[in-house]
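Here the chain labels run A, B, C and D in written order, and each chain numbers its own residues starting at 1.
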Amino acid sequence: MKTFTNKEGSQIVDMLIRSIQENKQYLSDIDGEIGDGDHGINMNKGFTLCREALDKEPGDLSHSLNVLGRTLMMKIGGAMGPLYGSFFRAFSRSLEGKDNIGRDDIQAALSSSVEALQLISKAQVGDKTMMDVLLPAKEAMELAVQKDLPFESAVDLMAEAARTGRDSTVNMEARIGRSARLGERSKGVMDAGAASCCLILETMTAGVRELIK
Amino acid sequence: MKTFTNKEGSQIVDMLIRSIQENKQYLSDIDGEIGDGDHGINMNKGFTLCREALDKEPGDLSHSLNVLGRTLMMKIGGAMGPLYGSFFRAFSRSLEGKDNIGRDDIQAALSSSVEALQLISKAQVGDKTMMDVLLPAKEAMELAVQKDLPFESAVDLMAEAARTGRDSTVNMEARIGRSARLGERSKGVMDAGAASCCLILETMTAGVRELIK
Amino acid sequence: MQKFINSPDQVVDEMLQGFIKAHPDLISGTDNERVLKYKDAPIKSKVGIVTGGGSGHKPAFIGYIGKNMVDAVAVGEIFTSPPAQMFYDAIREADSGEGVAILYGNYSGDNMNVAMAMEMAAEDGIKVQKVVANDDVPSAPATEAEKRRGVAGEILMWKAGGAKAAMGGNLDQVIAVAKKAITNTRSMGVGLSGCTIPEVGHSNFSVEPGKMEVGIGHHGEPGIEITDLEPAAKVARRMCDVILPDLPFNKGDEVVVLLSGLGSTPVMELYILYNEIEKILSDTGIRIYRSFVGNYFTSLEMAGATLSVMKLDEELRECIDYEADSIGLRQFHNK
Amino acid sequence: MQKFINSPDQVVDEMLQGFIKAHPDLISGTDNERVLKYKDAPIKSKVGIVTGGGSGHKPAFIGYIGKNMVDAVAVGEIFTSPPAQMFYDAIREADSGEGVAILYGNYSGDNMNVAMAMEMAAEDGIKVQKVVANDDVPSAPATEAEKRRGVAGEILMWKAGGAKAAMGGNLDQVIAVAKKAITNTRSMGVGLSGCTIPEVGHSNFSVEPGKMEVGIGHHGEPGIEITDLEPAAKVARRMCDVILPDLPFNKGDEVVVLLSGLGSTPVMELYILYNEIEKILSDTGIRIYRSFVGNYFTSLEMAGATLSVMKLDEELRECIDYEADSIGLRQFHNK
């Protein structure tokens, strides 16, 4: 089974930062439809601060993810700060100390990050949040491991599930967060957190594929 | 020389009230161009209050003019209240005690009202105010008396001078009141106070003509 | 964007700099530039009062820092909860050893960030308890009151908690009175226009001319209903019809009324609305003990108003009457 | 018109009714429904302080009624001077026998109406003297300073005169200090939007998005220049460049700064602007003794701000520090 080194892996975080920066406007625009239009701004602020921190103090993947999580949690605020903060910190913790990272490591890290997130958010599938992306993605990855699929296929399936989850939010009625009280009116638009979450998982997938190419 | 009685004359005030009420929007619209758009509202408020007062306590022309002047001065405020207030009160005083009112009485009353007004306003011809109407109207009336023209012609000439004065304000630059500081930008629009003043003098003329028909 | 700003992403920092410079008699900065405190905080033997939340609600939150009011505030981006670090630092700035009451509004971000900050503070051995304001009636039905947002009623909670702490109340007592204050308070907003978050650059949402958004939230969260704009008397009736039965407020009750503008509604209109609210309350036999009318808790330049009504008992009356000195609420003791 | 009103021609009366009901601890009505007074006025052995002017400037003018502040106010229609009768009645409500200082702003209607009221009061044997505020620099060149309008600097004039009267100053002394306050004050406004007079029903005037009106008046009187909207730092520089050389304010001077919003500008932006003003003053070596930042003198829901700077001497400092209790300005004595 293919692996990549924790050291090389830090480029995944570089890619995450770039993709959030590039999609700042897109994410804000989506949020503007049924939220307050700042999701891209918030995410970009956090990821850009992380970029600065990493430039000063670079390291391996688990280090980079930890810096990212800490930065989001400590500097960003809102709901996104603690949610993505816990997510990335848990992801980092799970990979800590590993020299080489393989399919099962990623699967375990993803599962534990989702669990960490569930400690602070009660959002379920169907509430129109990032959870509609994360939970199916996590399950797809678990299934791939159960089926013992190759690393590439596992992450591809995970990204595929993320996309499906993201798109499923379009027809949902928001039940959590700022758009929740739009009720019926929240239907027809994708959830911004779902969009950013899917972007993150897709970028991770692209990162992994590049590393194990 | 024709005259009318002070008693009958009160219908002039009825006509003044009606004409201000009917032109409320027109006067506000003119004021809206270079002022704050309330000239018709202010005038209408005062003249309508006067209507109520006169309904309770009717009387002859000098009484009615006094009620009008007092109402404007005491209830209306702004610059218009004291200006038109003094004007009508002086007009009333000048006619007081006269049973019959002729050309010379109206001329004397107009002159003394303009003088009363000049005690509180420094506005000159050319400043783009009601004075651009009043001063030429007063002079036209004086000239008509000098030339010993009939009452009808005297008031016609007075109204004609008022109209010319009013129209002359269009190309003036305001130097007094709210529109003064528009400077150049105040050109091209008629002054609202000039418009109401002309309306008042025209209505007086119509009233006099009807009374001496 | 017709705004006095330099750079949209600097508004919060520059506002804080200006605020600290303008009010040295009350306010001081701290090592964390997103945490401001009362210049004398922590005050020996006094329970510390902390709050925090997103920016854009001036005078909330920092305007309520002061004598017998709030000791330290965590400041977030516009309409965005401050991160845990700021809450944690605010707790530390406010603690004199007697513990800290953190009195804030019910928003998911604030809940998460406060929870983390409280954990961090507890690890330091600081006693911290919280009260979460949920006075906004239209934000959830009574059966799910724990989901309701906190709005302008928070000010009455700070006033009560701040006074109790100043009177020498211990942490449990301060928490109890703050809890009572907010439990006795019901609020409701009506929005007449949207507002523009500088970094977003265009209006958050809009209310069509001739319409009003009944039950709007402090960040423009949609209300329960969009109706035709009504005369002030009907708006007042709508607000009272939602608020009064919810507690319920009854004949004979004595209340504090806080009518806050949301930003761009002229204060003149608030008094017109107040005039109608007063008629309804007095017709209902509810006695108004004290009223606050003005821009107490705003949402940038949104047009609209929030009505908050708090039922008094003797303890709350004493707290409300207590002298206070802050930018947003300043009063002499003698009523 | 996104407004909380019942009927456009009732806004002033209903606002006054609401105001009186909301603040019984400070305000009382009088026989003239357009005249409000401090509940304890006339105060025995104290010179009365009267002001008045058009409505739509909340908290001006009635918000400055209170202890050690203004005793009675004549209330006009929106942006329209009250008639002579109201000024006269206000004078009578404020007079305890020690005379009345009538401190108002330089507008032609107010000048005429006050002059008539003073005549009427003189006939009653009441001593009345006036000070006419003309702090608005852009409204006329220094050579025609008597033509300048009065704007937010009036608040500092009321504060100084009100304090002097409360300290026991006689009419001449009160007039002298009010005169000094306004003579030492320079103001300037920048407008970012128009506003709507309810009875007119549509915007008075407008400022194109992306532009600002430099030197705008309190009723939307046009400024000296319409320019592109600039960053706060440049706006502050423009204001200071007009105000500072006019008095002039010099290095070493001690000043009070009053930065008022015009209505719908979020207070956050005022602090951003204040932050820049403070930098300029401190770079110039001018010491800020006290600052007021907020909505102190508005123009309905106009967006924009007025900066007023008053040079202090010892007497003015004492007056500014004096305790005051009014809706618009409330402060404890101890600075």
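Observations on the structure shown:
The working rule: contacts are C-beta pairs under 8 Å (C-beta built on N, C-alpha and C of every residue); 3 or more make two chains touch, one makes a residue touch a chain.
Only a predicted model underlies this, so the values are computations on that prediction, with no experimental measurement involved.
Setting subunit C aside and leaving every other chain in place, the chains that still touch form these groups: A | B, D.
Put simply, the chain farthest from subunit A by mean CA position is B.
In terms of their C-alpha centroids, the spacing between subunit B and subunit C amounts to 55 Å. If each chain is reduced to the centroid of its CA atoms, subunit A and subunit B end up 77 Å from each other.
Separating the CA-averaged centres of subunit B and subunit D is a span of 34 Å. For this pair, subunit C with subunit D, the centres built from the Cα atoms lie 29 Å apart. Taken residue by residue, subunit C touches two or more other chains at no position, since every residue touches fewer. In subunit B, no residue reaches two or more other chains under the touch definition. Judged by the touch criterion defined above, the protein chains link up one after another in an open path, with no loop closing it.
Those chain pairs judged to touch are A-C, B-D, C-D. Across the interface of their complex, subunit D is touched by residues 28, 32, 36-38, 41-42, 45, 73-83, 120-121, 176-178, 181-182, 185 of subunit B.
Interface residues of subunit D, counted against subunit B in their complex, comprise 9, 54, 76-86, 107-109, 112-113, 115-116, 139, 197, 199-200, 202, 204, 217, 219-222.
Within the complex formed with subunit C, the residues of subunit D that make contact are 1-7, 11, 14-19, 21-23, 25, 55-56, 58-59, 192-193, 207, 209, 212, 229, 231-233, 235, 263-276, 278, 288, 291, 293-295, 298, 300-301, 303, 305, 325, 327, 330-332, 335.
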